[in-house]
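This structure is in structure tokens; I'll ask about it shortly.
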Amino acid sequence: MSDPVQTTAKRITRLEVQGARNVAIAAIEAMEILAARTEAPSKKDFLRELTKAKETFFASRPTEPLMRNALRLIVSRVEKNEEKNVKKLAGIIDQASSQFLSELKESSKKIAEIGARRIRHDSVILTHCHSSTVTGLLKRAKHEGKMFEVICTETRPVFQGQTTAKEMLELGVKTNFIVDSAVRFYMNVVDLVLVGADAITSEGNVINKIGTSTVALVAHEARTPFYVVSELLKFDPATMYGDYEKIEERSPHEIWKDAPKELVIRNPAFDVTRRDFIHGIICEEGIVSPHSITEVMHRKYPWVFE
Amino acid sequence: MSDPVQTTAKRITRLEVQGARNVAIAAIEAMEILAARTEAPSKKDFLRELTKAKETFFASRPTEPLMRNALRLIVSRVEKNEEKNVKKLAGIIDQASSQFLSELKESSKKIAEIGARRIRHDSVILTHCHSSTVTGLLKRAKHEGKMFEVICTETRPVFQGQTTAKEMLELGVKTNFIVDSAVRFYMNVVDLVLVGADAITSEGNVINKIGTSTVALVAHEARTPFYVVSELLKFDPATMYGDYEKIEERSPHEIWKDAPKELVIRNPAFDVTRRDFIHGIICEEGIVSPHSITEVMHRKYPWVFE
Amino acid sequence: MSDPVQTTAKRITRLEVQGARNVAIAAIEAMEILAARTEAPSKKDFLRELTKAKETFFASRPTEPLMRNALRLIVSRVEKNEEKNVKKLAGIIDQASSQFLSELKESSKKIAEIGARRIRHDSVILTHCHSSTVTGLLKRAKHEGKMFEVICTETRPVFQGQTTAKEMLELGVKTNFIVDSAVRFYMNVVDLVLVGADAITSEGNVINKIGTSTVALVAHEARTPFYVVSELLKFDPATMYGDYEKIEERSPHEIWKDAPKELVIRNPAFDVTRRDFIHGIICEEGIVSPHSITEVMHRKYPWVFE
Amino acid sequence: MSDPVQTTAKRITRLEVQGARNVAIAAIEAMEILAARTEAPSKKDFLRELTKAKETFFASRPTEPLMRNALRLIVSRVEKNEEKNVKKLAGIIDQASSQFLSELKESSKKIAEIGARRIRHDSVILTHCHSSTVTGLLKRAKHEGKMFEVICTETRPVFQGQTTAKEMLELGVKTNFIVDSAVRFYMNVVDLVLVGADAITSEGNVINKIGTSTVALVAHEARTPFYVVSELLKFDPATMYGDYEKIEERSPHEIWKDAPKELVIRNPAFDVTRRDFIHGIICEEGIVSPHSITEVMHRKYPWVFE
Amino acid sequence: MSDPVQTTAKRITRLEVQGARNVAIAAIEAMEILAARTEAPSKKDFLRELTKAKETFFASRPTEPLMRNALRLIVSRVEKNEEKNVKKLAGIIDQASSQFLSELKESSKKIAEIGARRIRHDSVILTHCHSSTVTGLLKRAKHEGKMFEVICTETRPVFQGQTTAKEMLELGVKTNFIVDSAVRFYMNVVDLVLVGADAITSEGNVINKIGTSTVALVAHEARTPFYVVSELLKFDPATMYGDYEKIEERSPHEIWKDAPKELVIRNPAFDVTRRDFIHGIICEEGIVSPHSITEVMHRKYPWVFE
Amino acid sequence: MSDPVQTTAKRITRLEVQGARNVAIAAIEAMEILAARTEAPSKKDFLRELTKAKETFFASRPTEPLMRNALRLIVSRVEKNEEKNVKKLAGIIDQASSQFLSELKESSKKIAEIGARRIRHDSVILTHCHSSTVTGLLKRAKHEGKMFEVICTETRPVFQGQTTAKEMLELGVKTNFIVDSAVRFYMNVVDLVLVGADAITSEGNVINKIGTSTVALVAHEARTPFYVVSELLKFDPATMYGDYEKIEERSPHEIWKDAPKELVIRNPAFDVTRRDFIHGIICEEGIVSPHSITEVMHRKYPWVFE
């Protein structure tokens, strides 16, 4: 019988699971299986197993704060619980997992609800890459009857903008499509920029798809509001303690398949958008200034710092 | 016998001739053939023919200042000449054409020579798109024995950055290749940005491949020097008299071949880089501030204003 | 016997009551009368009455966060109280009202005290519009023996700057008076800008009289400190949940009485000053960065989020 | 018989003649009368009379570069002419005057023609104060069939914006009217800002109605193009030689009629817009960068430096 | 027997004790002696003695937030303790002192650990003045095996940069040394700026050695990250309540020993770096945005506000 | 008999002659002696001697544009003169030298006259380093009866600010003296910054004492006007043709006499102030925008480009 943790961690590493939410769910489910099958003789042993599994998942991808925060929550619940019986502790894991997932769903709903209020009639929204949190917000706004137009960047090298464009067209929204370097050309007609987040740092910066920080700079230059739409649990507590978000560098083949051999192709997946270019983070707590994100986390999810 | 002007103009319109220099040469050669074959009975008639040809070429592409300036020079030389004999006037055209082409060649050489002095040992140069003036400058610097590294953007949608990258590798220069939206990620290690120009306006702004203005903004944000490398004859006198440089919009197929039908793909070929982001224009007259470009033209090429 | 809530709400709508503080007091007093006269048979019915009254007042003006927060406090106190007797609950309202008003008074005093320490001898203070919180601060500074000079803008269209100027002259302060568009002309001699607030948003932005954001931009350009002087209860929790502060648009007659018929006169009463132009908010909690305003509110007045 | 120079100069001082063009015309006409009536026995005496008259006009208002340049041209023509006969020299004045006026008219026409090309279909143009050069340009654009919308500021203290608004309505243009401090509120929907000039300095700065520099700053913040529309002869050569443009301060009664006595009302008529906020000067020479204005003047009107 | 409080306070005033940490330690030790020797008959009398001592130390130097916070802690611990016996209360002081000192040491360690993670291999670090917190961080990074280069400013007038340079050389780090005004010359090759803090204000600004704010501005201009490395207890709660950090002005002799008599030598010891130039504060709580510093303090050290 | 050219060139190299003007005068005088003593048999030989001398001087210091322009003028005058007689040609050198020196003197006078008009009553002027052109301007203003105050930076490492301070005190001007890094501390009270120039580049940038560019940045941040006071002949035509102004690096002993051996002391003498921070260049032609400096030179001193 295969080890669910090892198997899932490998799938995450190989990018067979993608998207912050899917990665978190996969890890949570592996933890549940681990708990169901455990033969640990004592709470101490069980905790050792859980911690080892957590570390395996932490090592599977350079950053995945949502997954990491889910694992932090699960392990911390077991640690704090006074129950000694391992089987009963396994039940705690199920509870914590369910709670995490239902809260995540609830957060998405709240974010869409709050953010949709910021979409004005007849406005032009620009977005970069594909973020289900952003498209969720736009769907909500559309269902509320708001008319708006969207500009999608193609988002090289993997063209995630095509996914965004298709979703918007299905929604019946007028959709424009441009190359990434045409953002500044159109910025003066844009009313609002919305992007997702891969991670949020303790300084209030946002890690997102390569090019996001340039979109933010260009929006800033034109006095166009720029908002990040994200669950708070994308916050990465490691940034608090000095670790830079490591920027994953992906395969050169994504950029140029038959490139000359001596060519050095650099393919960073993300960049860092400074808090000063971000008008607000639209999250389940409402719309907040990124500068106070650490305090928001301490108030709302103190366990991520444990 | 086909009409050389109509034929060439069509090839220009269909983009069968590309590159500012090649377009100018094609038009000049057509004018020479026209002159050789003319049967105009008088100077007045000959000038009418020339003017009609000039207008045909002007209409063949929204902007091509180098070609337009070449035609301006040729027609003006005939107008001003006191000769009345049409055959002899045709000779004037040959002279003007030769002079224009040899001056253009001379300009390229001077620009490479002047610009190469700005390349410092061990420096990192970033360039966007492909410009033979820029690569000429870098070749000169390399041949002078300077060691440097180049970062090329891929330049969507037509990937002209691949041409630049290949030329640089052939030259033996260490070459890095990135997607357009990764420029800001690497800007802090760049020592100098060099780009070409499709046109220069009377205000001192520069029209160049889409994305150039964003590279300039990003360089400005990081205090990295940004230079335009261009012959002065890219100056477009029409901008003087209120005409915006019309920004050509090219086929959506360049961006997404099998796009959904309702999708609006916008594909502007160029954008405008404001003079305030340009440290200097490296041209045949030396390195000048773009703010005084109109006066430089009045001093050096007064005939473009005629 | 007239309905005190309806009557007062109408007076508020018609601008017969003006100034955030006066509006809040009027609504509070109407709630007290309502409570004194109530014939509600049960707590549940009483709460229904109160909630209806609250909604009537919320609808009377697009934004009035101070009034709204007062009503939030009053209703919440009744809700949370374990008392079932309606008459006794009415007493709770009196207590909450008294407490709100005395805290408001106390806040004003503290703000004046804290802010006055920032007034330096021989300094020049610029203010826009009329804010009793700002003039209270300046009076305190004057009474402490500080010498300073004030520049008041006239504040079109309703000339509230004249009120400020008169108050300053009565105080014996040297007072200068300028048109709104002369602020930049004098900014280089200004040492400190102080303005009030109509509302504070969850992102840390400040809504105040039209023109305030321009004063802030001009101060920023000249490196002149710009402070907002305001009670924290101007914080509007609705902004947290995605509602833009709706900007009230007032009568065109305020701007041009006998204007041509086809003319579109736009008369927004307020504008939004971004947190990045605000050095600090001088409030009853001390001088704080606007970027953390939501967390300050959560710590100091958690009931506004209920 | 009254002295035409003294009489006209007084009318100019008392603001009975207003508008740069009208003031220049009045002074020119007085010079013509002076010349027609002169009894000067020699060219030297005649020149003395002319110079005295010139100085009288120069003293009549702190700045009026158009008038001053007209007088400079007239006196210089007489000085340089080899004619000794005073009566014939008086004729030179008539010629110079006519030429100046007809060139001025020609400039207006060219400016309107050049500038109108910059008005795009369906664009929103903001203007401050009233400038006949700006409204001339807009009329031309309208007559060419372009559809656009205008936003006029009221322009305190003298409400010149009302004149602009009326002219625009007569033209059949959709016209919006706002207080001066609402410019930033609307700037994000503005496509182009056009203002006139009272004077242009040798550094390339523009002196115009108080508030213009703030409009420019606000346009700059929002990346909205800001153009000055002006004849080159508004250039003031005195700024070349170190004289600040003296900023005229007008009557306090314009701002507040029955103000308290101790109040210091400051009423500067103009402010200085820095060249870096100006995209271009639309003038009879085309659209030029303000940074090179001195060289443009040396090329086009060298006599202003004499 | 001399009064330990008076004696120590005088030594602090005369700068015989220097460095925030040393000053705090000296004051704490004097308080311990005071407590050991006290003959106060009651808790009330003892508290009066302590308060008087506290005020003596507060008056000894214009700002020393670390010392002030230490004294605040000690006095507050005694006040809150229910013990009435004076001798036993003296023991409380020893405990509080020990705790403060050991926490301070612990903070230093954590800061070094967290900050060292931000030092990248082969990076160039610029620092201004001498800060033991900064050099502690660099030592830690070096001991972890990281290779980096340091640029030290000389830091006029007292040349503290020489101390920093010597420490770095002893550590075996490649060290460059420049005059203060050469910072901008080298900023483009700097990867990270690290400075200490003398005080942190409630707005999130940082008071540090004169010149720090200019280094920050220059770093900002070149997009170079700028971090403050400091214990949170440098936070000065007085700034909360409106007191400007008074900027100490030191002896003119430090600048020019034999200056001409009439010369006015100004020698401010510190300047204020605005929060917007600070990427983060590296403190014992992790890396935080300075904008939320007051809330961090309320969470971590609430007693400083008592 | 020693070679006057070699001797003088060595004195220049060893810094025994300092100050742009003194260096130019020394070189001119050596050329006059060379001409007086020449035994060249023909014009061609004489020109060869002159050119060799010119090159010797060019090699004596990395940049000295004033000296270089003087030598350019002298040699060009001989070349162009039709005279063949060597003795008579030597006279041409005397004439050219005299003319150059008298024009330089005249320029100084004009600059002082023009610049003094910009000094306002009761204003505060900040200057960096020592420039005789700047102090000449201030002397003129003082003699015209203007009252003003001066702030001098000490200008590390060689303390040239002490010379400026002494000159100002002798003039009877209230003089303040600060360390270089305190400029930002005082910038908000400064009305005008004036600095000299060592060289002006074709892009319009100014090379001046290390620290000047930081003063300019700080002035820009506070909207304080920043002017360069300089003769046009500081323009360096080599910058036109791609040569960077080489920044001289001086002895480390100027900075730290007994520094640790391993320490790398960097001592660049100058830095580059970008044209965008310079409001104007106050020169003999008036006050001009630096952006058009090349065209000003072409108009006024075309021979520097030969």
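By written order: A, B, C, D, E and F. Residues from 1 in each chain.
Following the convention adopted for this analysis, a contact is a pair of C-beta atoms (placed from the backbone, for glycine too) under 8 Å apart; a residue touches a chain by one contact, two chains touch by 3 or more.
All values reported here derive from a predicted model rather than from experimental measurement.
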Chains touching both subunit B and subunit E: A, F
Chains touching both subunit C and subunit E, listed by label: A, F
Comparison of A-B and B-D by number of C-beta pairs in contact, larger one: A-B
Homomeric contact subunit E-subunit F: same or different residue positions, threshold half: same
Inter-centroid spacing, subunit F versus subunit D (mean Cα positions, whole Å): 38
Centroid distance [mean C-alpha coordinates] between subunit F and subunit C, Å: 58
Residues within subunit F bordering two or more other chains: 221, 276, 289, 291-292, 295
Which chain pairs touch, all of them: A-B, A-C, A-D, A-E, B-D, B-E, B-F, C-D, C-E, C-F, D-F, E-F
Of all residues in subunit E, those that touch subunit A in their complex: 113-118, 276, 279-280, 282, 285-289, 291-292, 295-296, 299
Subunit D to subunit F touching residues, read off their complex: 202-204, 239-244, 275-276, 289-295, 298
Residue ranges of subunit A in contact with subunit D within the complex: 187-188, 191, 221-224
Subunit A-facing residues of subunit B, complex: 153-157, 162, 165-166, 169, 174-186, 210-211, 213-214, 217-218, 221, 247, 255-256, 259-260, 262-268, 271
